[in-house]
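Below are two complexes that have chain A in common, paired first with chain B and then with chain C.
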Partner chain A sequence: MKYLSEYRDAGVARGLIARVRARATRPWVLMEVCGGQTHTIVKQGLLELLDGAVEMIHGPGCPVCVTPLEQIDKALRLAADPRVIFTSFGDMLRVPGSECDLLQVRARGGEVRVVYSPLDALELAVRHPDRQVVFFAVGFETTAPANAMAVWRARELGVGNFSILVSHVTVPPAMTALLSASDNRVQGFLAAGHVCTVMGWTEYEPIAARYRVPIVVTGFEPVDILEGIWMAVCQLEEGRHEVENQYVRSVRREGTVPARDLVSKVFQLVDRKWRGIGEIPQSGLGLREEFADFDAEYRFGLTAIQVEESPECRAGDVLRGQLKPFQCPAFGERCTPDHPLGAPMVSSEGACAAYHNYGRFRQARPAEV
Partner chain B sequence: MCLGIPGRIVEIHDDRGLLMGQVDFGGVRREVCLAYLAGQVQPGDYAIVHVGFAISRVDEEEARRTFEALRELSQLDELDWMREVAERSLAGQAGPRA
Partner chain C sequence: MAKRAVAPAPLTCPVPSIASDRVQLGHGSGGKMSAALLRERFLPHLGNPVLARLGDAAVVTIAGCEIAISTDTFVVSPLEFPGGNIGSLAVHGTLNDVAMMGARPLYLTAGFVLEEGLPFDLLDRVVRAMAASASAAGVPLVTGDTKVVERGKADGLFVNTTGVGLLDDAFRPGPDRARAGDAVLVSGPIGRHGMAIMAAREGIAFESQIESDSAALVPLVERLRLSLGREVHCLRDPTRGGMASALNEIAAASRVGMQLEEAALPVPADVGAACEMLGLDPLYVANEGVLVAFVPEALAPAALASLRSHPLGESAVQVGRVVADHPNLVVLRTAIGGTRIVDLLPGDQLPRIC
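Up next is the complex of A and B:
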């Protein structure tokens, strides 16, 4: 409770928690698919406050965490190439590859630079015509419009020394894959508000109908999340399965149309591996044929690299809701934010790091129960 | 990177055919692409910005709320990346890099 009391809307939040607890006739299992929401849920102690009424499973909503090992290894190889200036969002630098991470490659002399926007990387390419500038294009639908524009712009301006290493993923196919699994426990979803700000929610409508699950588009603040949970629980109690929008102040049904348009001009749906989960059909974005010149995997001959993941990291079980982070034998011992075995312990949006940072293992660790 | 950061559009200009603008994020200013909100924004407006691209317009109160919520949740890493890029670019202007 002390976490929530630090929050300025604590009174509203408590009211929602009381309503959810009174309404739930059984413990419902909901999944959020947004690292920002996971962070809020764990930090504010919502798990404990809803205990018995709602169980939250933290889905594969952190783009850093789901980037497959082989894409990380390709990034490491590019970053070590003396021809290349490798550019990335800051949170990819500590993600462990098979042998090291990007920070270690930088320490050994590789040129790795943090950028805020892919347009920063394009600008670097313009300023360094003698070097190859590669941008690590990761993320869900929120970063796709930015990466699409960087490639579009590179072609428009004729910047031949710019390319991207693409590891884009999209949320709806992952939800479908989770719901199709024989061991699925998820009964309703909170969809990520900022993803839907870009994409709208039309893609979720067939999923809600086919699998008969409520899907509530939800923001990332504590009150947003509790309201989203409340709406999902009401649907479950009433036997409804619809797409509803809690995050009305940001999301419209059709999303941001010019951004969606450019994303579909530059990218197409491709099969994509998710770290810890495996390949999900048509779950990623890859560059369309006409933009293949800007694909770093072709330019540097990396398409054949395939890597098996370490068996010790149980990220896949965590992301599918089969295992709580603190139930992993390596959690907090051989795997910590300073020495992560897998990506969910690296990113501030990762479920394992959230549990570790906010001490969520101490009271809940099986050995101490 | 999944959560956009709200900022105030300070100025709008055209960069070789692309709509760009200066955006202020709680005191940190940088160049942002406004192409996806072309015709919808003016200086003084607020927008949610994802990795350098304005994606949706919001009102001032919502922008302030969201910024504070991100601060409370320690989800403002991207401001550090902005600073890192800005510092490097200033270092680049001062002279050749080692």
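Up next is the complex of A and C:
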């Protein structure tokens, strides 16, 4: 597999780890923005290999984790509606709403289907003109173009029984929110390669300059991540704060212009709640007025639904690296992977779940000798 | 031992199983929900000392003979897939469950739920495949039952099979017999059955030639019996829930830890690529013709040699070892040298968004 196996080469990866460890004169605190990057870091066990040289804080870039309770509850309402075929990416099915999840709605007779693309959902709508097909449009800028395309095509084809439940979020406002907190610990970012494939990196240039943080656009394979870390550590050691691009095989500075154009034709910036963090102004994408017909919230009268997150959850503090998960009073007691109060406990890519399992691992070990 | 500042984490999202008042598909996944279903809904009413062992098959004594009995119900969609159909699968699955207890399968029974409208030519192909699989294993199907239900009340055809086999005193693999110092061996490439089904299933547009590995493992077990006998501590065919679930169950039953080597896992390139595209982990994908064996590490070369002497086991390898550390946890060492926990899934494996 060209463009894949070479980025998983264990020898190259170990070499990069050694270089990072040799170069770091102090432990640096970096945040990987994207859940896909966290996935690789956890899958490859990179944290322990970097321990002492680089501390990675897992960013808010897991779309499953940050989708707010309110949008999940709306999804559950739609899925239970007998008129509706509710379609979604697979891993949203198990995310808990206030009372249940999509899998349980399906067990009670709701029609919930896993699709790999919103265009598959559109096709389903064409095949079932007697039903309403709703797609759960979650994710960052990466999934926005395909969702925009589905809505655009639906309008072109005059498909009246297709709509999307939008819960799109965008990366730069979240980074700004983290950096502007007075107690911020993050010293550099690995920006999300796929988001930047669509959007480019011009939006990050003012952030790097204003907050004096290195931002390295980084891919998702282990060698990508380690090279991104290496580039960020070099900047920190040299006192630089620039936007650099590690993911050159995919990302250009201006991004993918036709995709960006389509996204901005269909979507506009809106205020958006993030699970466990709260509302961040202008941090989400919503359908433009002219596409309101394809907005499931309007079509099914869901706009009035408002759900509060658990006030016990201190995910915001954890995501800023201010609070270690085990310092949270709810940790391991009222908040566990089987019953999470907030985003970082929902996915094992989240910091709280990772620490929860760390504790389990330590407990399972015999006494240290 | 030096204290580790950073410990491995599991890769999968341990997202909640909120208490439910009805059956969900995840209850059939072979993961935590399946275990809870059994523990909460069945065992309180049906529990007895034989059932309580929860092996692949029950062990009972009849007229002084120890017998293994296993039953399994097959509900696969599509009914025919590359490498087999529901008939061959139903025979192989039950023969394998009996064989994993160390028993020699003797007889099979079969029950069929047929849906009104099922084409006879399809039914004929299924029954012919059953006959061929049973006769290849030398195990006759001695009694059966058929029921027909209205159109829409079954997905074409459901098959139940039961197998009985004779146990051998000198060959007693069991899920609770894995010991620190055992080698973990796997008889062949993993993930093929699950990905063949996924690829064949309507709705997932994925071009693939992946064939199911569905096969009777009886000859492999027979070779292990002859070469190592009692030294085979544990055998398991990692079907639904895949290798990860099977190893977790054994770790729990034997109260041991396991360390796997990622680089040693026999994931075929096409299975790896398909998993990559679909956002799945091959460790959790079903196998129907692969066995995992636990033997003392010193005997691993002999066990591998006997497995490799049969075509089904020609690519048998050691993938890890049993350790005294971290009991109940299966840990994987990555090619780069990091580690992560290979956990039991809560329910079905769900494709990841990113």
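Annotations for the structure displayed:
We adopt the following convention: the second predicted complex is superposed on the first by the 301 of 369 C-alpha atoms of A that agree within 3 Å, B and C clash if a C-alpha of one lies under 4 Å from a C-alpha of the other, contacts with A are read in each partner's own complex, and residues count from 1 in each chain.
We take it that a contact is a pair of C-beta atoms (placed from the backbone, for glycine too) under 8 Å apart; a residue touches a chain by one contact, two chains touch by 3 or more.
Note that this is a predicted model, so its numbers are computed, not measured.
Contacts of A:Glu48 after superposition: chain C is touched, whereas chain B is not reached. In the superposition on chain A, A:Gly59 contacts neither chain B nor chain C. Legend: residue contacts after superposition of the two complexes on their common chain; A:Arg94 is shown touching chain C, with no touch to chain B.
In the superposed model, A:Cys34 makes contact with both chain B and chain C.
In the superposition on chain A, contact is made by A:Thr197 with chain B only, not with chain C.
Once chain A of one complex is fitted onto chain A of the other, the partner contacts of A:Leu119 are limited to chain B, with no touch recorded for chain C. Residue contacts after overlaying the shared chain place A:Gly228 against neither chain B nor chain C. Looking at the shared chain after the overlay, A:Asp338 reaches chain C, while chain B stays out of its contact range. More residues of chain A lie in touch with C than with the remaining chain of the pair chain B and chain C.
Contact with chain B, but none with chain C, is seen for A:Ser250 once the two complexes are overlaid on the shared chain.
Common to the chain B and chain C contact sets on chain A are residues 34-36, 39, 43, 62-64, 89-91, 113-114, 116, 138-139, 142-143, 194, 348-349. Remark: chain A residues 7, 34-36, 39-40, 43, 61-64, 89-91, 113-120, 127, 138-140, 142-143, 145-146, 149, 153, 156-157, 192, 194-195, 197-198, 220-221, 249-250, 256, 258-259, 262, 348-349 touch chain B in the complex.
Interface residues of chain A facing chain C in the complex, by the touch rule stated above, are 1, 8, 10, 13-14, 17, 34-36, 39, 42-49, 51-52, 62-64, 89-96, 99-101, 103-104, 106-108, 113-114, 116, 138-139, 142-143, 194, 222, 337-340, 346-349, 353-354, 357-358, 360-362, 364-366, 368-369.
Every residue of chain B that touches chain A in the complex is listed here, in rising order: 1-4, 16-18, 30-33, 35-38, 48, 50-53, 55-56, 58, 62, 65-66, 69, 72-75, 77-78, 80-82, 84-85, 88, 92.
Chain C makes touch with chain A in their complex at residues 1, 3-18, 20, 22-26, 203-205, 257, 263, 269, 273, 278-279, 324-329, 333-341, 343, 346-347, 350-354.
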